[in-house]
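These notes concern the structure reproduced below.
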């Protein structure tokens, strides 16, 4: 019985982390039809930035703990804004309108470049910035010891998820975004500045990615390669949920999180296998994902 | 009576929109049937359903007496019904000849050969022959992207015809072509088609074009068949004039 | 089976290359052998590109080919080269026949990412398998050929000649396949899949055969790589490895069957120097070059991408 609770708790924690990572990916794809393979690198950049800064901060005992948390968020935001703007304005905007697979290859090239850029900036040795994680202590939940930091993560992802949903559904900007998601050309014909929307969305997606990385950094060892590992997972989540859907990303994250937790507890070797098994199952029944839209070709 | 194509009580709904309402059509072998109707009247939906691209909401479709509901375009093509498209569906980066050779190879066998070459004398001869019939042999070695619209429409039809189908459905064969070229294009098409002894059904907007070639007209409006019969009686039908052709006449009067 | 001009030329070049191995320095022979092994994997990538599909996970079959060779030698003490390679190809084909059922339902992005995912799944499983050496992998035993065991000095040259022979034969076969009805149908699918259905063909069937065949070809490359390097490890299934195959495929282009071979050799030569000079910037160089190819040499990529771009334009034109 304890094991089941462990799976549920672990699953929920993992799911919230996955959602944070996948949210940016699905938003960018939904609006821009670009599957950004470099999204994993954004996550990694956020993690590195947070880990190195926070690590320095705590190792030098500079100030109170809560400032450390603020720094984490701050550098995630800064890194996301900088990288997102640089890439969108500096590269991607010249490539719009090109074939979707070509865009994937372009983002793949970006991934290659960023992975080495990170090695150049932060070196190849792992960073451990555990202080924010440890500082929050632990609680006992259903007879199991759970880190409060992980619980906070669940809270944060719920807040962000809700905020995103609210923004998309209730604000004017959100409506404009949904119009572009639905039909880019019609939106443009109705006067929407699609270019500006693209920049906004891409930077938003990037920041969500770096934020996810920064928030996760204290819980993991930040080393080269973490970006690629998560892109494979984030993709599964986005596909299960339906490309471009926030609700889908949430549900997909939950499904993946729970199945992964189950695998880790009962058959760790098949972790990825189980996740992709779930994805294959969903796709077999609903090829466009749970909340995805079918785009039929007109002839 | 053996009909080559029959639809019975065919319906198609897209949510609240009815694209086909109780369509009952029986076409005999050898007929040349024209389909008219304004945009959105359900003509392309009809062709899409009959060729398996869309599944009807309810009703029956029989080809040579056999039900083809639920069968794929692939199966229906192999059964002997071929079609051309409103926007010519070709292989843009390949040559015109290759387009036809592929169509021919496709018609010959459902399982294309893994080693034997696409280009062989027999196939090339047949492709050249049909290109000659359509008078577009000079475009043989050009890439489709370099070919003008009118020629593309002919290639589209040639690809459907080269497989020796029993029935040919042409979806607006002259669309996208300038008014002056329309008649000539249609002349070419109908001449070739009549030589091949196929049953033909074609969608067309221009009444003069339709009148020249058909022995029967189906007039669609809002998903229903408004009238079905010999050209003159359909075109003289008051409702047809009001809902389908009226606009055209006014347009022509204004031009004159 | 009469050979045409191209095929005769390729066989001729193969003979020249093989004899040059007798006078070339050891390191060059080794480099070329590895490059040829990689080129076989790239042939598998190119086969799929011609059908309009970009695979980011061909490392899966590369790895299977290599591990089949390694494991057969290690656990079953098989050392006969043809048998080892055959086991590798058979294993890859068996897996591809299963995965192909899922993969052929998807195109473009889905196909690309699913292929990546499956190769990473294998990577994960291998890394977590202590019995197979986990991240270290293990060594491949020396090979024999129908009982003949080459002396330690002879083996590299002998393998070089063998791989040239196999690559040449495969090049001829792939040349034929490319010009066959099936090969043309692959290109047609890339250009306009709906039309292919309306020609009475099953795109899924054609793509399935293509996918399975490509897996077998790539596994052959993996097997040879294992024999040439004498070592296998999970890196073979890592995304970076698969990315290199895509890079080489794009570099060479899809129009000629010899292109992957030339591109692989070029790549191997450049890589050797780059890794020496700037080991931690190799990915970056690849990335920048890839972007450069896309921006400045779209022709090489055009035949791959024209199909989808046309389709999109056709839909827009209609709307």
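Letters are used for the chains, namely A, B and C, taken in the order the chains are written, and counting of residues starts over at 1 for each.
By our rule, a residue touches a chain if its C-beta (ideal position, glycine included) is under 8 Å from a C-beta of that chain, and two chains touch if they have at least 3 such contacts.
These numbers were taken from a predicted model, which means no experiment stands behind them.
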By C-alpha centres, the chain nearest the middle of everything shown is C
If we define chain centres by averaging CA atoms, which chain lands farthest from chain A? Would you check?
-> B
Give, as an integer number of Å, the spacing between the C-alpha centres of chain C and chain B.
-> 43
Centre to centre, by mean C-alpha position, how many angstrom separate chain A and chain C?
-> 32
So, what's the distance in Å between the C-alpha centres of chain B and chain A?
-> 49
Indicate the residues of chain A shared as contacts by at least two other chains.
-> 299
Where in chain C do residues touch two or more other chains at once?
-> 194, 318
Within chain B, the set of residues that touch 2 or more other chains is 86-87, 89
Which residues of chain B touch chain C in their complex?
-> 51, 72-74, 77-78, 82-83, 86-87, 89-94, 98, 101-103, 105-107, 109-119, 159-160, 163
Residues of chain C touching chain B in the complex | 173, 176-177, 179-185, 187-188, 191-192, 194-202, 205-206, 209, 302-303, 306-307, 310, 314, 317-318
In the complex with chain A, residue positions of chain C that touch it = 54, 56, 102, 105, 108-110, 112-113, 116-118, 120-121, 124-125, 128-129, 194, 239, 243, 246, 250, 280-284, 286-288, 290-291, 294, 301, 304-305, 308-309, 311-312, 315-316, 318-319
Contacting residues of chain A [partner chain C, same complex] = 35, 91, 98-102, 104-106, 108-113, 115-117, 119-120, 124, 185, 228-229, 232, 235-236, 239, 268-273, 276, 279-280, 283, 287, 297-299
